[in-house]
Amino acid sequence: MKDVLTTCAYCGCGCGLYLHVENGKVTGSMASRNHPVSHHNLCVKGWHIHEFIHNSSRLTQPLMRKNGKLVPVSWDEALDFTAENLRRIRDNTNCQGLGVLASAKCTNEENYLLQKFTRTVLKTNNIDHCARL
Amino acid sequence: MRSKDGKNNNMTDKFILKKDHLVSFLRRLKKEYHLVAPVKNIQGDTMFTLVDSVDEVEFDLVNQAVTSIKPFLFPQQETLFTYETSANGDYRFDSVCNSQPTVYFGVHSCDLSAVLYMDVTFSLTARDPYYLEKRKNAVLISVGCNEPSENCFCNAAKTGPFLEYGFDLQLTDLGNRFFVDVGRATGQEIVSKWQHFFAPAEEEDVKLQYQTYLEARGKFTRQVHMDQAIKRLKSGKVPESIWSELSLRCQDCSGCAYICPTCTCFSISDRKLSEHEGERLRSWDACTFSGFTRMAGDHNPVDHRTQAIRQRFLHKMLYDVQKHNRPSCIGCGRCVGICFGGVDIIRFIDLVTN
Amino acid sequence: MIHTINQNIYLPRPAIIKELIVENSQIKTFDLSFVDEEYNKTFTYAPGQFMMVSIPHCGEAPISFSSTPSRPGTLSLSVRKAGTLTNAMHELTEGAFIGLRGPYGTPFSMDALKGKNLLFVAGGIGLAPLRSVINYCMDNEKDFREITILYGSRLPSDLAFTADLDLWQKRPDTTCLLTVDQAEPGWNGHTGVVTTLFDKITVDPSSTVALVCGPPLMIRFVLAELSRMGIQDEDIITTLERHMKCGVGICRHCHMDNKLVCVDGPVFNRAELRNLEVAELLT
Amino acid sequence: MTGLATTFGSGAMTNSINEIEQAEVIIVSGSNTTEAHPQVARRIFDALDNGAKLIVIDPRRTLLAEFAHIHLDIKGGTDIPLLNGMMRVILDENLVDDLFIEMRTENYHALRDMLFRLDLNKIADITGVALEKISAAAQLYARAQKAVICYCLGITQHVCGTGNVETIANLAMMAGHVEKEFTGVDPLRGQNNVQGACDMGALPGVFPSYQAVNNPEHREKFERAWGVELSPVPGLTLMHMTHGGPKSPVRGMFIMGENPVLSEPKANKVDQTLKELEFLAVSDIFLSETAQLAHVVFPAASFAEKTGTFTNSERRVQMVRQAIPPIGSCRPDCEIIMSISERLGYPMDYESTAEIMEEIALLAPTYGGMHHDRLESSWGLQWPCWDREHPGTPFLHKYYFSRGLGQFIPTTHQSPGELPDDDYPLVLNTGMVYHQYRTATMTRNSVTLNRECNEAVLEVNPQDAASYNIRTDDMVKLSSRRGSITLKAQVTEQVGAGSVYTTFHFTEAPINELTVDTKDPKSKCPEFKVCAVKMEKITT
């Protein structure tokens, strides 16, 4: 049983909240009292942010389209297939044929890595995200 | 039990615990109980925490914890039971309850009063096994508040700053030592079992404790006229229009209910784990939500646009007074200043009494 | 330490659907019995009470008894399709399992009805809890005086419990009148809202107890009409429907001012409802 | 947020969220704050209780508008004439902050000349707001000592979005309402880390910290750090990538945690474009509408299952801490990216996200002092934070603007890309509701949130409702030139006559199949807020 201080993943306010962990599951969310934004309260989304984490419709394994259907595969198969396709399209299109969407929902580190990957490996500046929404 | 004039005390239930020995006392307790205590983290929030090591945390008996111990006895989300169906349609249920003997150390008077209120809620019309199991395993060591915080009004709610009953042990900070009141039987057992930590209180200590209590009572900065508000609500003199005015400002966050030590509304829902398995969860809910009363088919007997906060305030300040002869607001002040629309219980009381 | 708690009020008992009766396109009646034979023998309930029904992955909902305890061994719940759980129930077939816990709620006080003329007014699925009382009274007919039943539905094809209605209509000591809001081809009966049937009956307000159940709007108009006829508030009894989670007075979803419908109700007389903020009675 | 970059030099909130509660006058423009930014709304209510005056500029009667001292209920897409009108009033009333303009800004004369040519009566006509109200609002704002302007997507999601923002900046500078605590211009960022994603260079034209890819100096810096040659050509924007159709140069895509099928305008085009791709990989936590079209789907760890940082609307960089191990065989996106990169011959050997942050600090000057250990023991740091000793910056533009002098950029009214006509007589506006978030992949999988609101409704003004014979809960078919959807109507005074409003969260009513893909030429922001539609009642 523990409470882990983290940052809400819902909106741009960036509330500080504690995720309550019980037997390896997140079972609650509590507003930080002294956090400069949340200041002892969260909005309805923050108070219930733990609810989606263990939802049974979460993706839990890599999927690949086979015969038109998405079926579970191993990580290696999914990663190899992805690398192979990205390489092929990159090389066949003179680095013009790939596009990457980063995410305003992912962390800075992830966005940094993804743009670095796009620019260094895919050799294109075709990277963007939903910034305008 | 403390008498009003501080004299004629039965000396056998008053003890002194030196502050130097607190950590080793807690270390002892931890060998037989889980220990939950208010711990201050590096960011400065004080939270009731299941303590792993008494040496590695900073106990904070002064600042009010972010929440009461409600989440330990009545968690935000708990599994009531798991269920299973099989191919022939069979439908089976397996009840789940996790509870260990636990000492809750450093519980402020208001929060302890809230536990006493929850005891009633969870056993009056029906016995709630999940709460009562945890409660049965709970040892409450409370601490009186020498310095009420800025939003505290337990004096008005009559739930603090010190208590006369309900605790197993009650500590009063007397500088270099704690004055210890023994309440329920488990408290007595603890003192007997680890008696080398406890010296009988001297007459001087008793006087000082009483003086501390009197001084604390004088330190409240908020004037909250709870009795008067209750009287006005009882007399029916509060205009109905007040509810729509205040409800318009309610932004449906549920924070007031979740942070409140006596709010115990809950919802029950199923979580599918696989095609044939699932668990039934109980989770905190708030009467301020419109989904709280909405029925299948969308009919809603409560118009939350105009009544979102009516039930919450009236339940605390009127219905519980009618039923139990006391309000269920314990004056902890946690909801004060946190409302997104500026509608907290002190605002409400002010509005009703003016 | 994980262990089973004895007498866990939240734990449903498995039950099996013995028989399924399609009342109309929206309502089905489920005749049920507990899987535990011993429990079946000791299980009792009273008209007006309800059970919390569980369906896997769908949670629970409160459903009133539509059967009468005066016919031992029958436990029927009549369900109208309204939300997730009731829709799932309608998908079930005979032999399927559901979970049940209860009975809950304050029932109709059958003792208080003794020696009275009884006027039942129901709309749609609202006849379900009243059917429990009506059949109870018929099984104990010597205890009660005249029985009058007024039942309305939207369309003739929406009339539920038609087998019962036929029986009731055939009884010499019972008046059972039907009405529909909107006639369909083949309907020769009365058309109009249920209050229009009041013109067809005579009521002695001093010796009559009225029992009312139906949609909120109907309850409002019928209660007003009954009061106008001079029936005392204490003798106007209705049963209310609310969103419920625990069924035992803790979760507070069914709050109605200082009352909780699950324990203080669902049966209330009009005197109890006066001075309360009751959605059904607000104009 | 292009508009603020050109005027102030930095496209972010100039204040901290907490400062708003101390403001004397608050202008809220194009933001349904109580629904979208509750913590900001909370500060606004606190400010109101402290005696602040509130001006709301919104075509809809939002909840905040109920509490406004002045509600300027403009016609959709007429923000520029309204704000220009307010500036003209400030000019006429002699409320211009001359000293501020003299010391801190440039190009004021161009603005003034433009303002002098304005006809205020005509502005009242265009905006539909009485001159007295415009004048009162302008004076209230200009006379205040501490005044903030909060705006959101109602300003930016227009064909003239950049112009709208520039006009707001003009107004603030003219009144001298920048550079101070409790005073400034505050764009409220929609998503939790939209600020960070921009800061990190997840944009076609810039590296982290907005260093342009076509600036040789900047490029060289990153080439040295990353050890490879980098393309100097700015890339394609999201709209170019997702709306190209079969002729799009893009043949393969990698999408991390976005759901453009539901979130982008003219969504059927996105669907079509993505289906045409030779290869599509999506990494997400749920099987979103976009993931359903993919060739490969990676199960990503949620925010509770990984470590990193988010940057909020007030530029505060904060820790995201791992609470539980990834569920199932999920992996954090960092690991996924590193695994693919390694397979393509460019191993990225980071031991932790803290190490990634060290590299960011090295390359992005505004994040220069951001290290996990510092963020770990505090409530985060607000950029710019130049080095390890720097305490962060609660409010921007003190003493000098990020670009040096603040630049006035005169703007003129530009009609929305599509206006109502005989065939499509109504204006459709879109937005969000409180209980749902974005394309609702997370919120709809949350029991409580979904209970509170799980269906899209079309808000219709009572006047229109009467003429279409529509009542609340009736089903209506809403069509534009691009598609049609079916949803429930709700009759409410919240929308003005001639307008309808709905939300974009729900896949059952994918409103973006109706919206236009005209966009602001500078920011490339699509015009979600105005398009022409027609409404028909569905009779059952």
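Read from first to last, the chains carry the letters A, B, C and D; within each, the first residue is number 1.
The rule is simple: a residue touches a chain if its C-beta (ideal position, glycine included) is under 8 Å from a C-beta of that chain, and two chains touch if they have at least 3 such contacts.
In this text, all values refer to a predicted model and were calculated from it rather than measured experimentally.
Trainee: Show me the overlap between the contact partners of chain A and those of chain D.
Mentor: B
Trainee: Skim through the chains and flag the pair connected by the most C-beta pairs in contact.
Mentor: A-D
Trainee: Could you tell me the distance, in whole angstrom, between the mean C-alpha positions of chain A and chain B?
Mentor: That gives a centre separation of 37 Å.
Trainee: Please report how many Å separate the Cα centroid of chain A from that of chain C, as a whole number.
Mentor: 50
Trainee: Could you work out how far the Cα centre of chain B sits from that of chain D, in whole Å?
Mentor: 41
Trainee: Among the residues of chain C, pick out those that touch two or more other chains and give their numbers.
Mentor: Counting only residues that touch two or more other chains, chain C contributes none.
Trainee: Which chain A residues touch at least two other chains?
Mentor: Where chain A meets two or more other chains at a single residue, that happens at 5, 16, 34-35, 39, 41, 43-44, 50-51, 54-55.
Trainee: Of all the residues in chain D, which ones touch at least 2 other chains?
Mentor: In chain D, the residues touching two or more other chains are 38-39, 42, 379, 434-435, 447-448, 452.
Trainee: So which chains end up touching which?
Mentor: Chains touch in the following pairs: A-B, A-D, B-C, B-D.
Trainee: Tell me, which parts of chain A touch chain B in their complex?
Mentor: 1-3, 5, 16, 18, 20, 22-23, 27-35, 39-44, 47, 50-51, 54-56
Trainee: For chain B, which residues count as touching chain D in their complex?
Mentor: Residues 42-43, 248-249, 251-253, 267, 269, 283, 285, 289-291, 294, 339-342 of chain B touch chain D in their complex.
Trainee: Please name which positions on chain C make contact with chain B in the complex.
Mentor: 1-12, 14, 54, 56-61, 82-86, 95-99, 216, 241-243, 245-246, 248-258, 260, 263, 277-280
Trainee: For chain B, which residues count as touching chain A in their complex?
Mentor: Within the complex, chain B contacts chain A at residues 41, 43-47, 49-50, 66-67, 71, 75-78, 98, 251-255, 258-259, 271-274, 283, 334, 337-340.
Trainee: Chain D touches which residues of chain A in the complex?
Mentor: By the definition above, chain A touches chain D via 4-16, 19, 21, 24-26, 34-39, 41, 43-45, 48-55, 57-65, 70, 75, 78-83, 85-87, 89, 92-93, 95-117, 119-121, 123-133.
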